[in-house]
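Right, I'll just put the structure down here and ask away after.
Chain lettering (A, B, C, D, E and F) follows the sequence in which the chains are written, and residue indices restart at 1 in each chain.
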């Protein structure tokens, strides 16, 4: 299949129905600037609706970093921090900042809104924005060399692109979340695994990518109606009361269960063969 | 005490104030069909209000399974999946499916609504519906041989009877929840213990039942006003903001603290003897 | 700096910008009575707004207890339990109890509302109210000798000062929360660490205090705008949907990012020196 | 069509797809006692799923009352108020009362949960429970002689079967809601119309019934997929944020729009003839 | 009964169980400054718990104004607006402002938290803070001469002491709310009555006070358990979903219904005499 | 100022800081098709951030219609209804429909998200989509000839672009909302005014536009910080509990109050002259 090409991202298709997105600015440790996060949203919005994609892997290009976070140098020349230190009226600057943060949040959040499951491989430096992005993914796999940090406190900021909103709902250890978010300290793969932030740790980036491919391949063989519905319902459940979640689930499945995938899956189960499913 | 007898469930009273419910269709791996989950609700609604019951154990009968889940053969002859593949108007089928799912959710949810604490012993096959049921219980204890799976994706469905709604609130590792729910893979007792899905693992079903009996016996000696209030307030807290939870708690205890159990418990404490409490 | 002195609490300043609060009634195992929790609120409200404080440590005075909880003897002579067993109309007693519980909840909750991060060192006996208080803190560190229990069920009560509301949001293992809350059993430092209730365990109280001092010292060097914003946004996130949390975060930072701390922090980063920040 | 017959309710079918339920205990001013509200739920649950019903009218039998409310005489011999004044432990009585109120709320709430629109004709005495019931209906039409009151304060109670929960969401004049709920004063049809509690006022019960029949007949000619979906989505919207409501609506219609009713309705519109729709 | 005396408020007891609070700074059109709203909270917190009070009337002293709002002159010398224009760091000023607004909101909100019903008589100038205060009251009665305005936009502010939060939940005409809040235009008694902001209009302040006294007298004869419960449950319902409101109501009444007021009220009803109720 | 020109919309600037948007497809009664609602979003997103705009008027071009709603002819050739009746798998069609509805909701919702107040002038035919759009506006003004209808039920649909979600929160008469939404009946200006759906009625479109201009001119003279903050806080209040709304308001104003508009507005008030404010 033909894939659009992007300035800051490599998107390839290592396996049927599996896309691999690489953040591709390795000479700058994959640090982000504004044009880049706008394109990031385009990448994930496109994959979200592509019928040829059923599972997505996200990693950094190169060996040194998933992403070192915000490109502070670029940010110090334009963007939010410059706006914040300008001469305008405080309230008017606040409006500009709010608009900027909202757009930035929306771009990063495209990973979470993506209808297909996203497996994030964390390796090398993974600071600041790396957490904002990876907390949007469905599953996180780490390379043993990963250096993680909620780094924003160290530049005088509370993180505002999603980490503080998502991390407490991802990891059931609120004391640990506060520890790393307040101290901005670096933590590694083992600690991330122990508290449940990552699901697997592998000895290096290559092995971690292989594990992600294996999982993506598995997900891509399943009914896309079932897989994508499961992602949607779990994300909905996280944010709603039990009763709301059950009600939404009932309505969701009132359409979804009418799929032919159920019959295909069941027949394949009986006949011990692999089912194939229509695109979605 | 006299206990009603049921077609698909064994209910006995191994200890004072302790009921043990066994899913009793071992020849079919305790798989459920519609008549059975309707009766399941009757069992738990009855125990919920029975003054002779203060703690409940739930397990499967026989050695092979807690429950293998939905009886797919029965379901393929009637029920939701047949409705879903019929000839009627899509919207009208959707209404039938929604009604069906709601009733099914209500039946399974009777374990959570049950005013008395429920300890679930998971053993053997525990697929699909086994998760829907056990996530409603208060405490889960596993036998080492248990084979657990959120199996629905493998029949082309997103699980809709409660697992996707409850599991993210039970286990503070959202990545793991997504992993098992999206992949439908089987996991065992050790993994379930590591992520906090079960509280204890014992070498076989018999030992697990004994541990459950020990815990149930302990809970049955406590003030039922205090125990049942604690269950209610914890379930309320899970779904509400902190302020709502504190407000509800204050109102709840404005009646509950007027119980004579407080005085009895305190006096017994001072006199180093075991208190007895009125039925509830 | 001058510090007010309190009847039941010692407040000292072991390091710049660090306050240490000790519950100071060691002859009664630091048990609380009404006058004491009213003063407790005064202590934390004062520290919350003090520009000379950026991090707070909370522990018990003496070696035997953080706090053994409610002073049951005092409570049996006045207060809520006496009101509950009096002669008045049930509804009128309920109003008195509700008012009492609300005030008590507010006093304990002052730790959570405190704008500065609070590190709680748990040691010795830490029963009942010890849980209500420590679940309000941001980070919990344990001494190896700590004996923890949600003790209220054993005096015929559901805990109503905050433990049941906060514990399920602090620890992502709802089965364990129910186990300890329903059974009132004592658990130790290792178990508390395993489930994520405490972040660190040290061999004795002294070592635990030292670890807390080290963490507090670190937090006190950071931008107070960033640290205090992070505490606020994490507590908000716990109780709100993702979208509400992101929206609130954007508005919060629309003022906070206009701080000069960002420039100071960045410059210091470039120049490899320690930044200093204005008081807050 | 055959209709089950009930002890306390008359159910007839004055027009195709229209059911008329009359509360039938006129000798007691249609006052309710426990057996009666249990049957009330059966009536509405049955109509909710009956494919022969698309709109429902609810009124009292006889000329004197819609319902005078709770049968206080019966209640004083059994039920909630007797439980409340008995000798048992306060906390245990509280549990009994809570169970009783929940069941009573569920029975009355069956009008709101009914999938078909319910038009309530209020006439004569309409006190207490009359408000609980009529606030569950979709549309209220009054006879000029109606005497309405939220009567519970006059028997020493806060109304607990739904009026206090629903009235503030039905009528956008919170001061008026508090006025009538706190004072228990009687108000008439004109006042009810002015504040928006009823939609129409007619000179007597007969005219009001006729107006209800006209409206029910109109609703019965519409697509039942569209009408029942509209009721569900409006009730959902009342209780949810805008974003949740829009999300639920999108999922709801993802099945509902696949109905053949859309094509039938559109063709009929073009051909200026009346569409017919399949049962639902 | 003895009443404490206040610097800025007159509190008298014109009828048994009825308190009348007058804002008493008529020479300044009853405009508020910081010391005054702190005392305002003390007044209402005291009345809230006073067993001798069952209904409260709130008006301005003198003929010219309920209150002209914030004393802008005083505010321009100290307080929030001065803080806002000072020299400090933007983020640090923001923290000061937030603390200030929270305290101010809490003081005004004491009217809403007051357990007894509050009837607000609006007369003369009633600008800005007058709306913040009166939206907290349960019932609003106007004198024909009242001049109302959500005035804050005219001093460059969005109203932040409660009007924007409460008005949309009080008046079911969101377009009108936006009209008056965005334009800051003055509106009179008739318009306020038409949209449901006030319940009654009387020709002058004296007549309005008389009407308020009549209503307060009526409420004071009712069971205080029932009246105060009704206020609480209605305020809870405004902010919660239907299911949460019903659940809270059931728990509330599980204690409240055990009052002897029910029996007293019923007996009095049968014997056609006026009941008396114990203090609350 | 230069304004972009649009294919389906006229945007002019009749007064300083006032924009007037006309839906410009009068030969088709201003009916919408997909390309048109995508452009509609562009129009409002642009105005939202334009510093030269402080108030917006929205009307239809021509005398016959605000908008007759969805262009059913166009819709029957492409778009959602065609997707719904196609041959694909039910679940896959449901996903397509959901995506389509979400995008459509987002486009219409741009009026509500627009930071500047929007005054909607309703005239002539105003069916279906006219309600979805106008319920997003802040203020609605009607011409006497307007013919309004929630028309969707008549084409077999529950309205899903926002009317059912917003109307219950706009108009405090839930019975009336259900009446017009279930029956799809046409209602006129007087009824719309009586229930509070529109704020003003004028004898024809021209007079209604003049009234809207007058109001827009007034809003444009006010502090834009105050006006835009007020819109944001009122929309937030509609969807949140009281406590959340107060908390958000405090944080919002902690930046906004630091504006110079406060000083300018106050000085102008004292000097009786018109203030001017910087752009926003």
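Here is the rule we use: a contact is a pair of C-beta atoms (placed from the backbone, for glycine too) under 8 Å apart; a residue touches a chain by one contact, two chains touch by 3 or more.
Chain labels with UniProt names: A, B, C, D, E, F = Probable Delta(3,5)-Delta(2,4)-dienoyl-CoA isomerase, mitochondrial.
None of the values given here were measured: they were computed from a predicted structure.
If chain B is ignored, touching still links all the remaining chains into one piece. Matched by residue number, over half of the contacts between the chains of E-F recur in the interface of D-F, chosen from D-F, A-F or C-E. With centres defined as mean CA coordinates, chain D is found 34 Å away from chain B.
Centroid to centroid, with C-alpha atoms defining each point, chain D and chain E lie 33 Å apart. A separation of 47 Å divides the Cα centre of chain A from that of chain D. Multi-chain contact residues of chain F (touching two or more other chains) are listed as 90, 94-95, 169, 171-173, 196, 225, 238, 240, 243, 251-252, 254-259, 261. Per the touch definition, chain C reaches chain B in the complex via residues 72, 76, 80-81, 84-85, 90, 93-95, 97-98, 101-102, 105, 109, 152-160, 162, 164-169, 171-179, 181-185, 195-196, 238-240. The residues of chain A lying in touch with chain B in their complex are 117, 138-140, 169-173, 196-199, 215, 218-219, 222-223, 225-227, 229-234, 237-238, 241-243, 245-246, 249-259, 261-266, 269, 277. Of all the residues in chain C, the ones that touch chain F in their complex are 240, 244, 247-248, 251-252, 254-255, 258. The touching residues of chain C, when paired with chain E in their complex, are 49, 88-92, 94-95, 99, 115, 225, 228, 255-261, 278, 280.
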